[in-house]
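Following this message is one structure expressed as structure tokens.
Read from first to last, the chains carry the letters A, B, C and D; within each, the first residue is number 1.
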Amino acid sequence: MKMIILKVFLFMMILEPLPADVWNNPHDSEKIATQTLFSAFSMPPKRLDPVVSYNANEWAIIGQIYEPPLQYNYLKRPYALEALTLKEMPALTYYDLEGRLVDENDAHIAFSEYRLRLREDVKYQDHPAFVKDANGTLFYGKLSEEALENIQTLDDFEKQATRHLTASDYAYAIKRMAVRQNHSPILDNMAEYIVGLKAFSQNITKIAEEKKRTKEVLDLRAYNIAGVKVLSDHTLSIRIKGKYPQFIYWLSMYFFSPIPWEADLFYQQKGMKGKNLTWNWSPVGTGAYYLVKNDPSREMVLKANPNFHDERYPSLNEEERNSSNIPRELLSDAGKKLPFIKEVIYTLEKESIPLWNKFLQGYYDASGISSEAFDQAVQISASGTMDLSSEMSQKGIVLKGSVQPSIFYMAFNMEDPVVGGYSESAKKLRQAISIAQNQEEYISIFMNERGIAAQGPIAPGIFGHLDGEKGTDKVVYEWKSGKRVRKSIEVAKRLLAEAGYPEGISMKTGKQLKLHYDATATGPDDRALMDWRRKQFAKLGIQLVIRSTDYNRFQDKVRKAKVQIFSWGWNADYPDPENFLFLLYGGNAVVNTNGAGINSSNYQNPEFDKLFDEIKIMSNSPQRQEKIQKMLTLVREDAPWVWGFHPKSLALTHLWFKNVFPNAMANNTLKYKRIDAKLRVEKQKEWNQPVLLPLVLFVLLLVLSGYFLHKLYLNRQKAVIKQER
Amino acid sequence: MSPLLSVKDLSLRVGEESLLSSVNFEIHESEIFALVGESGSGKSLTSLAIMRLLPDAISVSSGDIRFKNRSLFALPESQMQKVRGRSIAMIFQEPMSALNPVMRVGEQVAEAIRVHLDIKKEEIKDKVISLFEEVALKEPEERYNWYPHQLSGGQKQRVMIAIALACEPDLLIADEPTTALDVTIQAQVLTLLKKIREKRKLSILFITHDMAIVGQMADRVAVMRNGEIVEQAACETFFTHPKHPYTQMLLRDAIFQKEKEEMSKASEPLLVVKNLKVYFPIKKGLFQRTVGYVKAVDGVTLSIGKGKTLALVGESGSGKSTIGQAILSLVDITEGRVIFEDQNLAHLAQRALKPYRQKIQVVFQDPFSALNPRMTIGNIILEGMVSLGIGPKEKTLQDSYIKEILLKVELEAEHMHRYPHEFSGGQRQRIGIARALAVKPELIICDEPTSALDVSVRSQVLHLLQKLQRESGVSYLFITHDLSIVPMIADEVAVMKEGKIVEQGLVEDVMGNPQHSYTQQLLEAAPKLPNLGLTPEDVYNTKE
Amino acid sequence: MIMLTLLWTDIMVWILIFALIAWGWVISRSPQVKKQWHTIFKSSIAMASATVLLFYLFFTLLDSVHLRLAKTSPGQNTEQQYSEMLSLLDIIFSHNIKNTERTYSAPFATHEYVKSIVIDENGLTTQKHLPLKYVSKDDDLLSKSIVALAVGFVLSLFLILIHLFWRKGRGAFVAMKKVLKGEADLPWRTAYLTLTFLVMTFTWLYILSYSYHVLGTDKVGGDVLYHSLKSIRTGVLIGILTTLIMLPVAVILGVSAGLFGGWVDDVIQYLYTTLSSIPGVLLIAAGVLVMQVTMDNNPTWFETTLERSDLRLLFLIVILGVTSWTGLARLLRAETLKISQIEFVTAAKAFGVGKWTIIRRHIIPNLMHIILISVVLDFSGLVLAEAVLSYVGVGVDPTMHSWGNMINQARLEMAREPMVWWSLFSAFIFMFILVLAANLFSDRIQKVLDPRNDT
Amino acid sequence: MFAYILKRILYAIPILIGVNLITFMLFFMVNTPDDMARAQLGAKQVTPQMIEAWKADKGYDKALFLNKEAKGLEKVTDTLFVQESMKLFSFDFGYSDANRNIGAEIKERMGPSLAIALPTFMIALITNISLALLLVLFRGSALDTSMMIVAVMIMSVSGLFYIIAGQVLFSKMWHWVPISGYEPGWGGIKFIILPILIGVFAGIGSGVRWYRSIFLEQINQDYVRTARAKGLSELKVLFVHVLRNGMLPILTGVVVVIPTLFMGSLIMESFFGIPGLGSYTIDAINSQDFAIVKAMVFLGSVLYIIGLILTDISYTLFDPRVKL
């Protein structure tokens, strides 16, 4: 008995010092009460260098740090660009070959020139690279290895400084892009447009190679691109070959973020790379936030940039407010100085399950919805719109949804002897398969209705996308009483028979048609997916052989046109139909570009290509719309893709997370958001009270078994030898 | 005066099998009571029952043990722990394994003191050291910090005795305390025990299988057989007037009778070993350089005549077994020659050796490991025949040949289909002999063939060997540590020490009139049977 | 028309089965080994676990005979058409393959587990649990269960009687009495009880699977019972075929290192120290990646997804075998060293017996207990390892039915609210019973065969 | 002793070369430099020019084993294999394909790995040994038998189940600990409790069985009988004599593991989001980062060999009979 009392006492001792509130808070409990956003990342961003970064997860970080000249307005729909570091939108002028100014619609346009006038109040974050001594030379410009010995992070440098943004920083960025060793993904694309970039790139690449060999520093200030001119400290002009209206969109992308030469030289110093002090890991920007900590194994921390220029929460005029369904509370902060949130802590969450659970416990302020969690979170209301389940709405969670400017499609390799080609029978085979792929079912099963079946390559919200009957793919769908209905499988079977494969049996060989589908199936969920895919083909009597590989090899196969059928996706860079239609442009076909092209289905239709060349340089107008619809009719007929679906992104946010408005194009939205920290603390406490009963039972069990064992031993010690008779 | 310990009607069983039945005896104060019997007779079980250390599977079916008029069986376990080591102490047969190998020996003694006596920490060590002095352990203070493996067998047994004496017990149980020791050491330990008895007036329950030791040590004797005490008597009357036939047989087997009536005269040598050296390299250091040699056999010369037996005697580690292996070409010979029928076998290739493999065969010490447990007796015997091409080739003929051999070694013909584990030690040794015999060898090397056997079985095997020699004229090289059997079996004897032969000659010469001090020492140390006052050499001398 | 088509692993399984039968025949000729096995089966736990293992083996074998069934051909000129490869198990469960629902449903449920959007005539959308397509509409669970259990009982009785007649012939009924009283020489009563239990459970599940999804359905409406049963083959195959591949390597290398010594020993020791010093998962991962590339470069090796995943399984087994021989080889080397010092080997040498004969006659038979113990121990380890490897992404093909894949998928399902627990549960139960039986059986084997356990 | 260690270290070199050779062959067979480039560049559009530039940048454009263009000894030395291996032997792990210093990363990640692995190892060792001793104390009783059956059951469940169940119960339902995450220092205890508990529990079955058999083997030894004959209580016999002797065979199995604790646990770390070397390795396998995998394989082998040496050394410390 004494032992029991002792153990209970011990148990009390253990319990006592535990915090009275919650046990399972994964964060710093003090920070929860401040303007700190808790978010997560599933893949550590590998490259935060704006010259190479081209991934959504990387842009989510660098978007807050770097400022390209333009940005998308946070609230306006359809998406509209606005000046960010510029005083106004760039001025665009046109020139002919001789350099004479010409009119926008002139046939002789040879160049177009963008003139960018920068704001004068934009400053960089504090950074040791900017520190200068009395003579104006860089203080940390020639660090010896000994000096670097005790340096682990940027904070270890004693001095930090800032400077104003200048036009030459933007020029420097374009020059960095030209250096092949920097692996810029858009260099080959931009070289087609920016005057002099191609020649400059070849030249500077050789120079860079030479410098690397001699271990010299490459200072790009010494070299200039013909088409990029720094006119004054705050004026920059960029000259473009011919007319390329989409260029303005590129100016909102992070490839065009300013790069201060000081930092570039700073990071080129010997020994920096060994300390992970590189562009990839330590960005230097003018944005609302700067990166304090970058530990790809655990967390990344952003802090509000004290040098951030004056930017205000956007306001909308009455007309704009009424035209879009913007909730009122989004406008309540209008005109207030940005940013609101002082610190952002991104924690690595590789698995979706902990992420979701932590969100439900209130430890993340926002979350996406994985398909597993969907029916827990979302209900479809009587009016047909998606709504939160009662459980979620009771918690005060808010649902935000938007259709992404993306498309996931299943493509045929048009060079393939069986499914490719433009003959009537090949077309019909593809059309039959297109009908048989029941995208609606796919979306329902695998996407939890988070997507809409595509009717063509162009995503909703992008010019050229039409709703209703006009926007319907008549090859695959019928328009019946105001609704889109997928054609029946009988139609597909008929088409298949006409193509020469009745019941999936080839008339020529008498064998069952066997098609090969390349996939990157490695995850646990993929088996169901592949099964489903096989079923769709089996409906036609076609046998589908799935060849799954890793993404690398898959890419390689696609590049070499060694595939037959495969699935892929595209995420738009900018909200223009050109950015979708070029995926089917013959000039971009893989086979025509030695694997470099983006048109991986190798679709080549001269008529389509001609129209594409036309719409590419047009601005949005009814004429453009008409041509685009013509192009869509062509590709629907040829059916090089099974259109697939446009994903809908749903995000959940907690009640205390304010000003959240999904914007598929903008990445730098963090500065607009705000947190009600008090509410957060309250709710977290409410939701996470530890359940103590099992613990008590468990301890009781331990005590009892200890007692029992003790008793057992005592009994043994009392044992005598018993005789049997 | 009431007895110190009385065992009353003790019966033990495991499952349905009875292990001890109605054992009764008493031990009085300062008395040495010897419990004698062959292996499996239940003498060790009796001692464990007194200590209440019986394995869990064994249960007491009846009886009681009273110690100082208290029933030990009625004590609770916690009380019994206070009896063990304090009132009754015990020493065991195997000093090698009876000490905790990872604990300093001094500690192991101190531990016993700490459990039972209320002595200050500082004094415990002194007490241990004085105990070490008492058991005649040299340099006791230094030894305190030694580990068991650093001590020799005799020293370990002394430590065991020190542990047992640590708390001044009233009764000491000594379970075959000298069986694992060499003769010379055995003599020392026995003397020590006797001395302690004198000094401390303590009672000893002495358990042994060796009649000679009984005679030397005991005041009273009890003989056990199959879990029963067959005879109990005072020591003198026991040896002079053994009553029970089993006791008589035991004594008879312990006293050797020379069967060889007629000593045949010297015959021509069959095997001659000349200046044989077998060195094992000691490799050390980074590159496994050979830094020295263990000289297992260091220049041995001997010869065995046709139909004769040469006994090779020595204590453990003297190199006697290595000679046997060298003759069989199972170890590499460093130097010297092994001449068999004018052929030097040393450094002969395997193929050339094969005919000689048939002529020289071997019988091993351990009858348990010498036979492959996965083969039938028939196959074991057959293996050598097939390999050397001896005997008939046809299956039925082979079978009858094997049966014949089995009968020859006094086993039954049907045994050929059984497996080794179904046989007793003595039977297995016969199988081993049969296996050697099957290939009709001219020389059999017997490597301690009887040291793992009980006395009665030993004499049977020795008789068998002699019978076979008479019948087939085979020669033996008989390797043994047991001087007592030499006169019975051998014509000549060679005494080995540290790889060298110190004395060699006819058995009667060496045993009767040892020249070398080591031989003398060996003979001296061998326990002598009391009633006849006979030692082995006496046996021989009287016969002469 | 039926065409028998065997996959690579099928062939290996059947080779193994025939090898086992041959081995059993050899055993039955050696009274000593026979007696050992007799001792093993004297424990009722061993008997019960052996029965369970045989039951699993039965499903493995059922799933290791692949057929192609003839189809009615649409045209005159076309040649005979065959369906995709189906195993006997597939044929037995063809109703379950056909009757796939749309998505999740709980065991014995009549409606889907998750709500779906339904648009009624009025154009209003509501969320509803849709009824399942292929379940019995009337409430007949109890009546069907009783029938099923009765059928199961009769079936098991029939099996037991067959076994008794096979063993005892005319004395079957006398033997039956003895068995019932627990007086038989082996605990046949336990075996028969286990068998009855297994057969009854299984018939119950099977008969009800016609009118219900007894263990629920997975994300795409596949029957979980069918998945679990199909996974048996994968688990058992990885367990037994790996050892089949590993054994010869381990035995040959281990024994020669121990017996020959010198440079042979050095080379073999170097080989296995090197291999075993590489962290196992990394080595397997590297092997699997190599295999994937090889398979990608040779798409002609396989025609269907089934063949592809089978080949991948085969390669995985080979890789596991190649990476796991080191432990056993080390053990065997040490034991060989020990045995070659024992006097019966010396005796054989003294008789001039050759080295290979010594290995065959003296060493291998005395190593058999180690080999056997390590085989049964490895078996359960490998079944468990499959799940972990699948998690790391280097396990069996994702299209293959396996417990690892099931657990992996179930992990995501456990995060749902309410939880989809039945996939995990089924995988857990099926795996647990197999591994438990294997562990208990290996325990018994160890107890009987390990000479250290003589006490 | 010193000579012995030196000998073992020298002996380790050919093993490490062999390890390098195996990994190198495997990974370059799987992963041509082109693949690596594509994976690392990872952007939407990867042009062949970019791949070539990347390969030249990383030095992956050399011959694998035999450089036919070079002269003399350089034929062998101026190859990817020799260059990369030499770097490894000086513990220069180079840069990951994400351009981070692998050596620095490994150093950083050892902490979290150890934070899980070391307590798991220690607690498991202590629990398993005490439970085993308990069972040995009550050997043959109903407690012993039933616990052994429980142990077999615990062994028969895949570790994945424990992790899933643990997370669902302790984190999701009872709110005792955070579901996943890591924090250095004492504040991080809440994160590591659950993985440690699960790790300990999952190993209890096999651990207790193994230790129990070791102790049972010891308890039948003669010296134990001697100890009992001295009058020691059963508890003292177990804790003083059996435990100390049982530790010797336990050492062989256990000490070799200690250095590899640095490598962390693959599954545990990735489930619980612990930024240790285990999750590092898994990520590297998944993203086919050759440099990291190579470094980890090398490190694993080195640690294993250190473990072997430590085992021998620990024997000399704990077993007075063994001298090197």
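In this section, contacts are C-beta pairs under 8 Å (C-beta built on N, C-alpha and C of every residue); 3 or more make two chains touch, one makes a residue touch a chain.
Just so we're clear, the structure is a prediction, and the values are computed from it rather than from any experiment.
Compared on C-beta pairs in contact, A-D and C-D come out with A-D as the pair having more. Centre-to-centre spacing of subunit A and subunit D amounts to 36 Å, using the average Cα coordinate of each chain.
Taking each chain's centre as the average of its CA atoms, subunit C and subunit D sit 29 Å apart. Measuring from the averaged C-alpha position of subunit B to that of subunit C gives a distance of 53 Å. As a whole-number value, the distance joining the C-alpha centres of subunit A and subunit B reads 85 Å.
Annotation for subunit C: residues 292-293, 393, 411, 414 touch two or more other chains. Residue positions 233, 288 of subunit D are each in touch with at least two other chains. Of all residues in subunit A, those that touch two or more other chains are 353, 357, 550, 553, 716-717.
Chain contacts in this assembly form a complete graph, since each chain touches every other chain. In the complex of the two chains, the subunit B residues touching subunit D come out as 51, 53, 56, 78, 81-86, 89-90, 92, 94, 97-103, 108, 111-112, 115-116, 147, 149-150, 160, 163, 167, 285-286.
By the touch criterion given at the top, residues 52, 59-64, 72-78 of subunit B touch subunit A in their complex. If you check the complex, the residues on subunit D that touch subunit A are 34-35, 38-50, 53-54, 57, 95, 98-101, 104-105, 108-109, 112, 134, 137-138, 141, 143, 167, 169, 171-183, 190-191, 233-235, 270-271, 273, 275, 279-280, 288. Of all the residues in subunit A, the ones that touch subunit C in their complex are 352-353, 356-357, 370, 372-373, 375-376, 379-384, 391, 444-445, 449, 502-503, 505, 507, 510-512, 514, 516, 521-528, 530-532, 534, 543, 545-550, 553. Residue ranges of subunit D in contact with subunit B, taken from their complex: 3, 6-7, 10, 139-140, 221-223, 225-233, 236, 240-241, 244-245, 248, 318-321.
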